[in-house]
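In the two complexes that follow, subunit A is the common piece, with subunit B as its partner first and subunit C second.
For the complex of A and B:
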């Protein structure tokens, strides 16, 4: 067990920089998820922690050791890969036990530990098969078995669930969370699925083009996104972000040149400014005649609730409504915008105005 | 329909031509080795030996120390194959995996070397071997044979190594292997068909090689089969049946080697994929 200190880490491929100085401090036993769009450098960062990529600058510490120049085998880590990376020519039991064998454990110990791991992951009946004879979900369990059997200081996961169908993914998500609760091992988990990030993480690091945009608890990144990037990335549907202008006396806010809506007192922090107004779907609601007039563009019933894209003046916003809400595409409604819950962002920098 | 049948017939015909081209000389040699010289010269020509005799085979073993040559050939071929495959595997792995600067250039140079005419290297090779004191030893052939086969073996292995997903090795290295350990425990087993293919190429190349064998290692003690076989011809005579018998003795071991590994090689040449 160990924490991980990442300090000013830089990575360049040749002259192309891809990681521009990342600082992350992961506590012992913490479950940290790295999320971000494709190509933002999540895998690269994870591979540097694993020792599979060289570190161009900065230091990575696992526990109290600087590991920059340690080969992967000496870092006491385990990694689960997106494509499982099981050895196709070995049985499941050999796959799981390979790490122990390479570290010189004796046959009895290997067998015992492989059996234990197999029981935890419910793959005991598969031990004699080859990976080619397993389903995707089973392979993923084997890959996890290979990771836990060595009892490493840190688990690294690189999009372990992205090859599975939605249902299996939800199942394995629970499985991974259970494993973490059981072993309490530090985990760094890469995904581009914000649902995985929100459900699994103790803390989420949102990466954007090679730097950390925000590093905080799921609750914090959801409620207090540091920038429009984070706001758009976290939460489904995405936060509505529309241009707006706050009146000089901060009593009203005008959405993109049109309807002026009374502004809450807190908007005084951006009086007289052009801003980006961020409002989550759940903060739109149907209102009485005094609400903001809007037209329903698209209705998406989800069962538990209904999403609807609303046209308000010249802007569009998605709202989350109760399943029984009287909505139909093309219909006129009036909306209540819960601006107390709204976020204000600087249109130039995209950063939250607080 | 007719076109289709014609096409099929053409394919079969083409196959027969290739097979005949390959097998006819071998069969001819086999039959000749059982004929007497008299029968061989007789007109009309007989194909199947009329009065088969093993006299020629006895002469093969009596007239020359062919077992010695056979032993020399086996040693040279086996050792040069091992050396060649080991070096080729390391080179191929480095070229595929290590993101070497100039890997492309190295590859094209390899290809160019593979096309070099051997004769152009004879004199320098002779001088090198002489200076090293290796003339008329196995090593005078083992090293050059290994080097001669290296380009083609490297190219074969590169194409096999390329199919191995990088993460398999990464997983092995995290599991406790060094890079060479990952090559040995993961890459080589998964590319076994490629390794055997390269091995057979190297083995056959060495087994057949004549020019270097004649120049660098002509003395009896280290003489290999291709050179040894030429000794059956006399100053004025050319005893075809005996030479044919000697050739059969030279061909049989290589047939055995290929038969043993054929299954792996064929599966290697036709499958290749290792999607886990």
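For the complex of A and C:
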């Protein structure tokens, strides 16, 4: 087991930089998820940790060793690939035991360890089959078996669930979390799915265009996003972010020219400024006659609750309401905006105003 | 229920079927004219005496006489032996060299076209050209082979006029010419192997050689098999390169079956006997082709 220290890491292809100096410190046994939109450099960073991409600048340390120039096989890592990378001409048992065999383990040890791993992943009955005869979820398990059988210091996952349907994905998410609880091995996990990031991670690193936008616990990134990018990326539905202006005496906030709403005391930190107001859907509610007037644009019943797109003056916001809420498209309502929970961002930089 | 539906053709299906046959007819007629008719004529000829230098003999039916003659014909036996030797040397030779070329061409070169062109050129070259080029290479006075030997201070060799060396030189030319085709087939096979297979092996601790043995070779097996079969079928018919380089000489030492058939019919004008030899060659080709067809009918991706 080992922690990972990533210091000022830079990656460039020729003269095109794709990662601009990333610092991440992963503790021993921690489950860290790298998340971001495609092209943000999350997979490249993972592949640099694995040794599949060279490091242009900075250092990567696994445990107490700088691994920059170490080939993958000497880094004591195991990686699960997006396409599982299972060899079609070999049985499940041979695939799982491949790494052990390549490292010269004897047949007895291989068989014993493959069996153990298969039991943990409940694939014992599949050991004699070829990957072509397995379902997507089974292949996923075999790929994980191939990783855990070597008992490495670090597990690397590269979008391992993206080829599965929604239900299997939820199932495998639980499996991966169980595995982590069982082995306590350091995991770095790449995904573009913020739900996976939120549910799996001890800490999430949100990447944007080759740098880390925020690196914190799921709770922290959800409740205190450092920028509008993080605020929009984490959480479903996305956080409502609308232009607004706080009065010079900070008693009211005006949404895009129209409706002036009483502002909480904490907004004094941005008195007299143009801001971006961020408000999550759950912080909108139906109010009595003294609420903010709004018109319902679209209603999306989800069963457990109902999402509705509301038009407030010139801006639109999505709210999360109880399933029984009396909403219909085109109807007029009054809303309570829980501004104590709101976020303020600088319209120029997109950074949170704290 | 569904079977009943499948067997009873609706009027629409019947007319579709007629249209299908009508569309196939031109291709079928053309094929019949240039393939089926000559083969039928060849088989007919092989059972007749037909010697253009002896027109007064007519073309009487002689049964299996031509085939019996072949069994006792030493030159035929030698030609078969030479052909088999060419197959045994040049087919594995071309596959090994072709595999090397394919692996080379599959490397991530920054500029890909010179490599691809280098691969394609020998393949695009007519066989006789290749034969002529290598004849010049191995020519005694001005050839590059002897020039190199002289440069090393060695005696020049009679490449094309001593039997063993001529066989060697011809094999070299055939391998050079045919390995590019093999390389193209194998390159296509290589490109179907996902990159992650190698990356996973790399992380798992496999060396480059282990990756080649454990991933490349087994994944390439179907492509190698296809290349072997195609090469073997063309090697049975080896003609142009030895024809251009030695014309079967010295003596008959480099003469192949196809060359002997050509000489029998075109030079000696013995159509009956030549046809019988051609039928024998055709049977061998057909057997190998059918083996290939049987293999491909099974899913080549699963072993």
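To be clear about the criterion, the second predicted complex is superposed on the first by the 354 of 354 C-alpha atoms of A that agree within 3 Å, B and C clash if a C-alpha of one lies under 4 Å from a C-alpha of the other, contacts with A are read in each partner's own complex, and residues count from 1 in each chain.
The rule is simple: a contact is a pair of C-beta atoms (placed from the backbone, for glycine too) under 8 Å apart; a residue touches a chain by one contact, two chains touch by 3 or more.
As the structure is a prediction and not an experimental result, all values here were calculated from the model.
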Fit or clash - subunit C, subunit B, common subunit A: clash
Subunit B versus subunit C as contact partner of A:41, first or second or both or neither: neither
First, second, both or neither for A:131, with subunit B first and subunit C second: first
Touching partner for A:85 - first (subunit B), second (subunit C), both, neither: both
Subunit B versus subunit C as contact partner of A:235, first or second or both or neither: neither
Subunit B versus subunit C as contact partner of A:145, first or second or both or neither: neither
Which superposed partner A:99 touches (first subunit B, second subunit C, both, neither): both
Touched partner set for A:73, first subunit B, second subunit C, both or neither: both
Shared contact residues on subunit A - subunit B and subunit C: 50-52, 71-73, 77-79, 81-83, 85, 87-89, 98-99, 102-103, 132, 146, 150
Subunit C residues touching subunit A - in the complex, by the definition given at the top: 194, 196-197, 199-207, 210, 214-215, 218-219, 221, 301-303
Residues on subunit B engaged by subunit A in the complex (per definition of touch): 165, 167-168, 170-178, 181, 185-186, 189-190, 274-276
Subunit A - residues contacting subunit B, complex: 47, 50-52, 71-73, 75, 77-79, 81-89, 98-99, 102-103, 131-132, 139, 146, 150
Touching residues (chain side subunit A, partner subunit C) in the complex: 50-52, 71-73, 77-79, 81-83, 85, 87-89, 98-99, 102-103, 130, 132, 146, 150
